[in-house]
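Mind looking over this structure? Questions follow.
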Amino acid sequence: MTRKSLIICVFFAILALLPVVSDDSYIRHVSIVALLYAIVVSGWNVSLGFGGVFNFAHLAFFAIAAYATGILTKTYGFPSWMGVPIGIIAAVIASLIVCLPVLRLKGIYVILVTFGFGQLCLQFVLNQRSLTGGNFGFVQIPPLRVFGYSFRSDQAMGYYYLALVGLILTVVLINWFRSSPFGWRVAALRENEDYAVSRGIALARVRLATFAFSAIFPGAAGAIYAQYVRAASPDMFGFSFLTIALSMLLLGGVATVWGPVVGALVFAILTEVMTPLGPGRYLVTAVLIVAILRFFPKGLAGIPDGLATWRARSRKIDPAKGHGPNV
Amino acid sequence: MPEPVLHVSDLVAGYGRQPVLHGLSLHVDPAEVLGLIGPNGHGKTTLFRAISGLIPAWQGAVRFLGEDITGLRTPLIAERGLVHVPQGNHLYPDMTVLENLHLGAYAPRPRKEWRNTLEQVFALFPRLAERKSQRCRTLSGGERQMVAIGCGLMGQPKLLILDEPTLGLSPRLKGELRDAIGEIIASGVQLIIVEQDPEFLRRLTTRQVFVEEGLTRDDFVSGSLEHGKIMEMYFGMD
Amino acid sequence: MEWIDQIGVAARAIFASGLVLSSLYVLIAAGLAIVWNTLGIFNFAHGAIMVIGAYVAWTISDPAALGWGMAAGVLIAVATAAVLGLVINRLLILPFLSQPNLVLITVMTTLSGAFFLENSALLIWGPRIKQLEKVVSGNVSIAGTAISGHEATIIVLAPLLMLGLWAFLRFTWVGSAVRAVAQNREFAELSGIRARAMYAVAFAISAGLAGFAGVMLGAIRFITPGLGSEPLIKAMIVVILGGLGSIPGTVVGAYLVGFGEAASTYFLGAYWTQAALFLVFIVILVIRPNGIMGRK
């Protein structure tokens, strides 16, 4: 067993044992939300990090999944165990719809279209008050219940493990994705689109697949979230969610499997520590994003690398000293 | 001995981590017109970009009119009268010829007299006067080069750097432009010019310098640049 | 002939409210366009600058706060906004200027800037809704529809400000230099134009316009930290419609969106209008990314 896989096992073992150690409902709530965030952000990392497509509709997939799960299980009486599949299907369909216009666009236009898509969904949710609850959100979503077991029992123990299993599956899937031929194609398109296309990579097909794949994760997380807090709200399409998810991704490090996971968990803890600051914690969040972009563009994941270079540099006297660009 | 107008000493500069200039030294004395020659990709353009502050000098110093200008920002260097006309058609494509020339005189000193200078530029390049309200995007390559040189002159340079102004032009246009450059020199503007035609350099410049692999080779006394030797230097270095 | 009258009523109502909306969008979108034009970035904090402008004007002018009068309120709000623009430029844009993916990074930094400003507004001014006094009191009749003097002021001032902006960019040394930097930064610097100073000028003008728009909006709608987000998104549509960065295109786009929104609100209702606008926005982006007036 390598050292890395040992660390990973310990990491998940700690997470798995957490409910045994503490059944404090507040800690439970925070950790469930953190796990769900980790899933969402890992998915975003697929399109944004590995794919290099600036998809600002990712959090809208999460919201759409939450609404779809809520509406189908409450209004249309679908059984609650179908929540996650519903969420995934809804998010994947939404991602394919967004991806169609994105296929033809580049740069800032991708951001604007995906951003616009989120706003379009928000307007739809606000319009269709009878279906979605409008401004007030969609409430009293049936909780998850399988064979008579309520996931809410024992301080939402069921949701905790559901989210944890979700996260483990997420990591496994994305790890597979990264080293699969499909993942290589995605990375090739990011690195040099024209060259990749000229080498026979089908841009449209790969990009659609990337979007669909990345949407699975917010789809599942959105469904679990809706069933856990029993509500879906229009805020989920808003700036705040987007900014928080973005800072998690940047904090952890883009285009790494573990970056978003660590980023989401660290950030969630950070946010809780900052709770006494009230809205002031959002100011800290904003400053954090800019500081990471400015000083640690690779996020937490870049620290080991950075340390290695630093160590290597301090060990030997650089013969080319002064030859580097002194910017 | 009077201080040189421009004094470049042991300049090291390049792109990324790759140096292009390896400690290049160069000087321009008063009343001198300097011609630079040498194969492409051996650092002439890099030298000018480092002199005018577009890229940082990693090592070495640049002195202009007795003052150290190393590390100064580009606009401040331009304000002192060291005007660099870059290679290629670097203009404001969506502005008219007149607007382009007008902005050439942006620095405080030339700004006061821009109308006079403009007349001189139009006298030098009558074709620009005809095209003055045309957008630069729609000009021919030769005309754009005229605008670029015109912009440089609008800045009332104390030292003008022309980086291969005749690059990519037809022989007829080349001739036309070279005549104009001759007139500029005759009017007393000091300049450094890059050219690939030793004949032309010998006619117009007072001294020629060969730039190769980021260093200057021996200064050539005017007249000593023989065709055969140049050919050897370009192609025959095994 | 009652139906003719009805059409007349509809047309008049659409015309009046369309003019007000268009004029607001002109003010907001022009600021976005000028920054896009010079720096090649999209400032997502533009709406938040409007919010701060509105709140500052409220603090200065409202009798419950300082009560120095509306004129002082407008001036100080615009000045504060301009300074804020300079700070945003310095902290969120300039440090990243040499990065190859500048556009994408600045989307993130300006989004964080917006997040920061909106939450600061919440901290400073609290969640309680505020409203500004109208800059000009009384009513004016346009084409038989009464609108407030305040709205009439916006309608008149917006085109005048655009004219002023155009003249500045066209006829002054600094204005020309701003355009020069936008078209060829390196060549501009070689002529002695300080590109960074020009970026600052562009940002200050953009933010000043946003501050002014915020004050104007704050007297029509209620001031909340989120006041700027909906108009910002409209302004984004305007800027795209007009072809990114073109000021004349932006003006045309603003009037198109403004009247389109007014007409659609009249016939479809407020809710569907928003959705329709976004649909149009996405369709335009896909069909003509360079805008209806843009060129390839």
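As written, the chain order gives the labels A, B and C, with residue 1 at the start of each chain.
Everything that follows uses one rule, which is that contacts are C-beta pairs under 8 Å (C-beta built on N, C-alpha and C of every residue); 3 or more make two chains touch, one makes a residue touch a chain.
Computed from a predicted model, the values in this text were never measured in an experiment.
Averaging the CA coordinates per chain and comparing them to the mean over all protein CA atoms picks out C as nearest.
Centroid distances from chain C, each centroid being the mean of CA atoms, peak for B.
Of all chain pairs, the one linked by the largest number of contacting C-beta pairs is A-C. With centres set at the average Cα position, the gap from chain A to chain B is 53 Å. Chain centres here are Cα averages; for chain B and chain C they lie 43 Å apart. In whole angstrom, the spacing between the mean C-alpha positions of chain A and chain C is 32. In chain B, no residue reaches two or more other chains under the touch definition. Those residues of chain A in touch with two or more other chains do not exist in this structure. Within chain C, not a single residue touches two or more of the remaining chains. Taken together, the chain C residues at the contact with chain B in this complex read 173, 176-177, 179-180, 183-184, 186-195. The residues of chain A lying in touch with chain C in their complex are 54, 101, 104-105, 107-109, 111-113, 115-117, 119-120, 123-124, 126-127, 239-240, 242-243, 246-247, 250, 278-280, 282-283, 285-287, 289-290, 293-294. On chain B, the positions that touch chain C within their shared complex are 52, 54, 73-76, 78-79, 83-86, 90-95, 99, 102-107, 111, 151, 154-155. The touching residues of chain C, when paired with chain A in their complex, are 42, 91-92, 95-96, 103-105, 107-109, 111-116, 118-120, 122-123, 229, 233, 236-237, 240, 244, 271-272, 274-275, 278-279, 281-282, 285-286, 289.
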